[in-house]
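Next, two complexes with chain A in common: one pairs it with chain B, the other with chain C.
Let's turn to the complex of A and B:
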């Protein structure tokens, strides 16, 4: 079945770009912030090996990595009494992606050589000062590539929100299929949009990485 | 050279200190007094416990038994944070903060811990940097410095806390030969101003020159503790002779 140029326009611009994309971007932004908050807090706690909490967060990370994203989302959807499909999706994706970010940041903190911690301890520098002025900036530098990679996964992962009826890109596509029944075109456009999003982020990430490096380590750092 | 003087106040006293890592006893019933203006040099074979001794003095390692007394006050978990401010330590591997400029490396602790004003701390830092001949490096990052420069910055950083005593753990052993002198000169300067120091080093000629007292640490104990002259000429100790003959060759 052939699609007219007008149909292409309707699918690509009216349905996907104008209606679907904004919500996908909102999902990305919301769960990015949520995941960063969880990841930073959890990563610091695990990096400092704070007893009990460290073990609990370890279990949390293992669970999130072991359970399919869709199941986590469905679980939140089932137990949450309040909240739109959007906010439930943001929460679920934040929790899932936060677990990965936590592990990345924990790894970064553990990779900062013990010597700097000791020098700080020997001068009685308070732990929060050491963390925020010395350790975390260096962790950002080390963990940046992994974190950017994770954000790409986060972007792709937002499509899971379609399963609970959140009207983001994928869901819009599924609905459009009923009208146009041309999977190649409809899903093809979605694929292209996601690809562009992720590619743009990767490019942006490289530039940010260079900026961060210069900010953290000064010029001429290889 | 400053000779041991019993009238001077004891700054630091270790009494029957024992430290073990699991079953491995690293410091076995060690006792040691350090008096004001004394320069104590520790030497001994690898694994003898020299680093551990310095680290316990600074509270970087907990002791299992015995006491450490700093100016008459026994060091406890509670007061260690406070006492540490008066004890500077310089590590073999510099341990500068990689993401801070030299200036920030130097002023962060005085500002955050001693509550000095930033201007005052910078002024003081500048003065020390001048003294050690690296005043042009204030804006550099650690990765832009040579090893010798890094270690001098580390010394200044410790000095910025206005310590009562300085601990050095093999401060030159990670350096190329041409940089060793710069760092030893910096330590000589501290000796000239009467800084009390405990130095772990294999630079025996330097030790002979600055030390008021020499300690030979071997298998978890202080085997020899003698004024410098006597240490090199008058002590009859088979293990020490063997160690010296290896290191002086």
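Let's turn to the complex of A and C:
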């Protein structure tokens, strides 16, 4: 309602793309690295079925599947005295998404044929070597499509960071609403930006999946 | 800090009210989202001319944009055009978002059914829509009941985002209790326990459904 072309330009480029998007991307990158670290460590522990730790991490994964991200984020925001809204958001999103990554990597490790372990152990290769040189490279290949799908969820999940005041894309939109008060345009643009990010990744995921299937199935794949 | 039982005793009624709101919104959203998902999934599966172009674009777009921004979009955008209450918007946002996921699940289920069944139904004189309703959809739903139950727990989690559009559900109550007493552990842990209980109940129902399905399949097989 009553927005000039110049206003559209200001909303889309100056506010959203130039000041909002960089922080969203930083959030995505930060929590991706955090989630991967948690996921890899937890996934290996669960894949090797180390007693006690395995059960604790299983409970952690269940908790993250059952408790809303919003609640976890608000909890971290209330408990943490230090740290910017950015670092709190990264921590909360990493903790939640790490649980999902952990389960994906665990599934990948368990899907590797036991014979490979036995063959490598028979050649008296130490467990870390077997794990990092033989098992994990294969797991990364098998689990890649699922991990990319999880990153799409992670990107969407960063929008909740706006609710604790992290000045990313969504929050920029909320602030811009006070000036332009046209929700359909402002939030419409944010939806489009998020869609482009996520859709590009989904497309990539599909291509990777096709490649992985071809590689895993070998000649059987047509 | 630590867990403060006195505050919990004083705010018990608030929590129970919040829990009730969460359950109410979850149930309504789940029922409508499943029906909506089956409808859209069937349209995508059948490739209805013209219509399926729109529904396909809809499922792609809504699955790859954040729910929080969608909620804002509907809440602030629609309320300018016509007066709608926050609760209607809340349910609508949940249905549109999670229904898109369910639609893709149902479509996958429909596609996995052997074509021969459809042909058999036609040769018995059933029409296209009768075949869909009596033969294909019941099987697709049964095949994908695990994924649909996962969506049920996701919908319960998603209701937490409704706190930002003035709906006083569980996360909102936790947030308010915390800002009143500044006892984050008590406030958020209580809500988390409620959410986790709901999650466990859904998981229990899922297991029961699995067992029933197994029994049924066993009967058919023998």
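One rule holds in what follows: the second predicted complex is superposed on the first by the 202 of 222 C-alpha atoms of A that agree within 3 Å, B and C clash if a C-alpha of one lies under 4 Å from a C-alpha of the other, contacts with A are read in each partner's own complex, and residues count from 1 in each chain.
Keep this in mind: a contact is a pair of C-beta atoms (placed from the backbone, for glycine too) under 8 Å apart; a residue touches a chain by one contact, two chains touch by 3 or more.
Everything quoted here is computed from the prediction, not taken from an experiment.
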Touching partner for A:199 - first (chain B), second (chain C), both, neither: second
First (chain B), second (chain C), both or neither touched by A:157: second
Partner chain(s) touched by A:137 [first = chain B, second = chain C, both, neither]: first
Superposed model, chain A: greater residue contact from chain B or chain C: C
Partner chain(s) touched by A:79 [first = chain B, second = chain C, both, neither]: second
Touching partner for A:2 - first (chain B), second (chain C), both, neither: neither
First, second, both or neither for A:116, with chain B first and chain C second: first
Chain B versus chain C as contact partner of A:51, first or second or both or neither: neither
Interfacial residue positions of chain B with respect to chain A in the complex: 58, 60, 81-82, 84-85, 87-89, 91, 93-101, 108-109, 112-113, 140-141, 143-144, 154, 157-158, 161
Of chain C, residues touching chain A in the complex: 60-61, 64-70, 72-73, 75-77, 80, 153, 157-161, 163-164, 171, 174-175, 178, 182, 184-185, 187-189, 191-192, 195-196, 198-200
Residues of chain A touching chain B in the complex: 113, 115-116, 118-126, 129, 133-134, 137-138, 141, 216-218, 220-221
Chain C partner contacts - residues on chain A that touch it in the complex: 1, 62-63, 65-71, 74-75, 78-79, 152, 156-160, 162-163, 170, 173-174, 177, 183-184, 187-188, 190-191, 194-195, 198-199, 202
